[in-house]
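A single structure is presented below for examination.
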Amino acid sequence: MLRMSKLAKTYRTDTVKTRALCPFDLEVKQGEFVAVVGPSGSGKTTFLNITGLLENASEGEYWLDGLEVSTLGDKAKSRLRNEKIGFIFQSFNLIPELNIYDNVEMPLRYRKLSTVQRKQRVEEALEQVGLASRQKHFPAQLSGGQQQRVAIARALAGSPAFLLADEPTGNLDSKMADGVMSLLKEINKQGTTIIMVTHDLDQATQASRIIEVKDGVISEVEHCAQEIA
Amino acid sequence: MITYYTKLAFLSLWKTRYMSLLAVIVIAVGISATMTTYTINHMMTKDPLPSKSDSVFLVRLNNWSPEAAYRNRNEENPPIYMSVQDAVNLINHDKAQAHIPIAGFKDMLKLPEQSAVDAKMTFVRSSTTDFFSSFEVPFLYGSSWPKSSDDSGEQVVVISKKLNAELFDGQNSVGRVVQLGEHQYTVVGVLNDWFILPRFYGESMRAFKAPRDIFIPFQTQLNLELWSSNVQAFECWKDPENASVKALWASECVWVFFWVQLNSDLEKQEYMDFLQSYVEQQKALGRFQRPTLNKLQSPTEYLKERRAFSTDSEIAVWLSICFFALCLLNAMSIIMTKFQGKAGEVALRRAVGASSVDLVHQYTIETGAIGLFGGILGLVLTQVCLFLSSQLYTHLSKDIMTMSAELMVSTVLLSILSSLVFGMFPIIKAINVQPATQLKSL
Amino acid sequence: MKDLLPIIKSLKSNYTAALLFILQVAITFTILVNAIYLAFDKREFIARASGLDEQNVFYVATNLPVEEAAQPALLDQDLANIRAFSGVENASVSSGIPLSGWGRLVEVAVNPDTKYDTFSGYYGGDLNLLKAFGLELVAGSEFSPSAELTVRTEGYRNAIDIMVTKALAKSLFSEQWEQIVGKTIYINNQPQRVVGVLGTLQAAWPSWVVVEHAVLAPVKEADSIVHYVVKTAPGQQDDILTQTLAYLMSLHGRKIDNFETFMEVKSRAYSAENAASKTLFGVITGLLIVTALGIYGQSRYSIVKRTKLIGIRRAMGASRGQIIRYFVLENVVLCLVGILIGVCAAIVLNNVFSNAFELGTIPLSYLLYGSICTIILGQVAVLYPAIRAAQLSPAIATRTV
């Protein structure tokens, strides 16, 4: 469902040309749980931004569900982001002045859905993360773990093809982090593809596949999750 | 979608309420300065009688000394007023739709039963019944006097609403009697509120004062020989025969403004032809020994020639427009600051799939709301400023300091429109953030 | 000065905010200079001397309710009685009142049969009018008693001796204006001898081009309405006015047409200019407040945005003074650029105004004072945010936000 071939990213300033990502090929299949690991500054975030259509690659091809997306315009990309991709961020990125319901509903607002349809989907998503009773609360009234669950519900509400998670547990203590991880695994089991950036190797090993980014070079790491499980 | 954006806009306005309030106030101050000066200038320079601006004319005849041009100007220009005899002759020839001499005097006014101590020195306007019909003067009670009163010089008056309130407690006073000097007059009509600005028909120096409060037929003034030497300008190139008022009426002294109503170009042309023949006939009698320079002048032309419009009000408008621009720039930087704090939200919305057009819509509604509130507050401030101006500009009629409904609506529209224009740049700048750069540190 | 380079660099990186700031300063400067110039122009216009003893003169317009032949005698009697009140310094009758809008104008020529050289206002009264107005004689002598005449109206046709104002004398004889004394000039083509020159006496119309031109003649006009001019001792005006009115009303048939103190006349004459100058000062005040708010807001914002940077500088050893100096200097640089643009804009705007509305050009000193004011305004507005910035703790640098 996601295929990248000879994709690369170069940043240019007036004087310097920096290669952020060397050309790489990658294919992610439906239902996979991919962990992306690597030290900071290695190019993880660039990889995630390109995958999430937030940034353009400098060269190469990016096929999403059979569509070459690297040459699409702003409107088409926005639409793809809205319909196919769900984002989860390290710092949750909830809008403080909106309540939980409105936060989860946000991506749906950019689709042509009736009020009833939106309501149904929001409720389903909140049900899935176990926060159905908190619709009217505001983000500040929730714990960090709960906030991240709301963010996950927001990502799920649009029933995306895959989730992109950028250090989803980075701002949480270990207990809450475990809860979020098991929620993600649960979601993955139900068929949603997940690509997760993390620097926590423990978490990475819970994924079905690990990719390492180091100095802009992307490589597959063989791992033995099966055996551990 | 609109409701969603409106909801978001109000949430965001509330979140940054101090900054939003500041922007609203700054816009309101700018717009009220502009609208106050504009209103005053507009009221001073507007067409006083829009329905009649092409059909009412001041008649000017070149009646002056054979030896020198009027006021000795290099480019000879006839006097703005005429002699009593010419005014009477033109009325008698009856060649125009309406004849409106503008004359007057002042005298002590009271009710017949009041004692002399209660009498008040009052300016009296004398004209014909055409004055009220041609200048579209509204009546509260009664009506103008009949044409026959003009011909016979009957002792009748029309009084203003204000004077009616003073003398008769605002009751219908038609049929009652007032005393002016030694003469008694019967009230035939009471005017309703009458705003005519600029008040073009008399002396241009008083164009921005309210009309007089009492009107009598021109012929009555002539018959009763009522004259005050210090009410209006009068100029004589030749002395009257003697000091009597009768001699003044028969003299070449000019002081009566004379307006006519002519409904078409054809009528105007015919009237010019008539004036030509009238002057020629008078020349044959030994009068009008100067070149014939007959003129028919519209109210606006007349006011322009007399420089009735002070340039101060126009300068004030330009200065306040500059001031408004400054306020808008100021509001723009406030809005920019406001939106800069939104970089994170913009990035997030972009990430979940809002296109830049979606965000432009959302923020345009927010800026528009600032403009709307600025406009409404500005409107209130404008009313305050106009009230203060009416206290300060004592030399102008209070009626200048009023805003029409159109002006009020345009105030708010102008405010919204200008905030949108000046908000465009901050919006585009806010939306142009790279979503990727903002999401980490939101 | 070593701060200058980093300031310019940082402005370059955030040019939109800087540009907005500069534009605001430029517009403020443009309006400020023009508005102040206009306001002072009005003030000067209002402050012109009328030539009268302004605080102590009033006039009453009244009729002479006797038959025509007896009017001159009644006039003299009235004046004699008014002069007899204690506290009255002098009283006279005048054919016009300066600045009141009520008066006569005459044509003045140096030679007979020429069209005219200039116009002038005209005042006719008895011999006391000079003193009743409180005028100053700068050349020649007073009227001789034999020159006094009484007529019914249009006294300028009968005058023999006259006085003219210095301004009128100058317009006829330029720098040799004193030579006008003793010469015969032509008032509405009538030959009249100039016996004295008055310092100042304004005509009846404040906005007239030749408002400083006036002719004074010892010719009383006993017309249907006469204007009595009364000069009182300081502080006694109100009492004398009441006494005069009471005296006048004691005669049967008397009508008081109008009465005003000269200060009232003057404030009426200049009400438009007065209102305009007040409005302009209002505009200036609003302008300064809005601009100060704008500068304050922007400085505050730019400092908040650079909080971490300031913390780092502090941590690196920058003193509070250096931080304040940085922002103050930045403000000066921006204001200077704004003023530079503003000077050009102000001159352009003034040109447009002076072409369209017959105004003078702004003197350079206004531009200089305007610049100083603008810079002070900028400094005042930036000072508080800059001090707040300097008080930031260096520890901010180590926080991760």
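Here are some notes:
A, B and C are the chain letters, set down in written order, and residue numbers restart from 1 in every chain.
By our rule, a contact is a pair of C-beta atoms (placed from the backbone, for glycine too) under 8 Å apart; a residue touches a chain by one contact, two chains touch by 3 or more.
Just so it is clear, the structure is predicted and the values come from calculations on it, not from any experiment.
Between the interfaces B-C and A-B, more contacting C-beta pairs are found at B-C.
Farthest chain from subunit C, judged by C-alpha centroids: A.
Between the Cα centres of subunit A and subunit C there is a gap of 74 Å. A straight line joining the Cα centres of subunit B and subunit C is 27 Å long. Spacing of subunit A relative to subunit B, judged by their CA centroids, is 68 angstrom.
Touching of two or more other chains is recorded for residues 441 of subunit B.
Chain contacts: subunit A has no residue touching two or more partner chains. Contacts from subunit B toward subunit A in the complex involve residues 1, 4, 11-12, 14-15, 344-345, 348-358, 434-436, 439-442. Those residues of subunit A that touch subunit B in the shared complex are 45, 49, 52, 54-55, 74-75, 78-83, 85, 87, 89-91, 93, 95, 97-98, 106-107, 109-110, 154, 158, 166.
Within the complex formed with subunit C, the subunit B residues making contact are 22, 26, 29-30, 33, 68, 72, 106, 108, 121, 205, 227-230, 239, 243, 310-312, 314-316, 318-320, 322-323, 325-327, 329-330, 332-334, 336-337, 340, 389, 392-395, 425, 429, 441.
Those residues of subunit C that touch subunit B in the complex are listed here as 16-17, 20-21, 23-24, 27-28, 30-31, 34-35, 38, 61, 68, 101-102, 107, 115-116, 152-154, 223-225, 255-258, 268, 271-272, 275-276, 278-280, 283, 286-287, 290-291, 293-294, 297-298, 301, 305, 349, 353, 356-359, 401.
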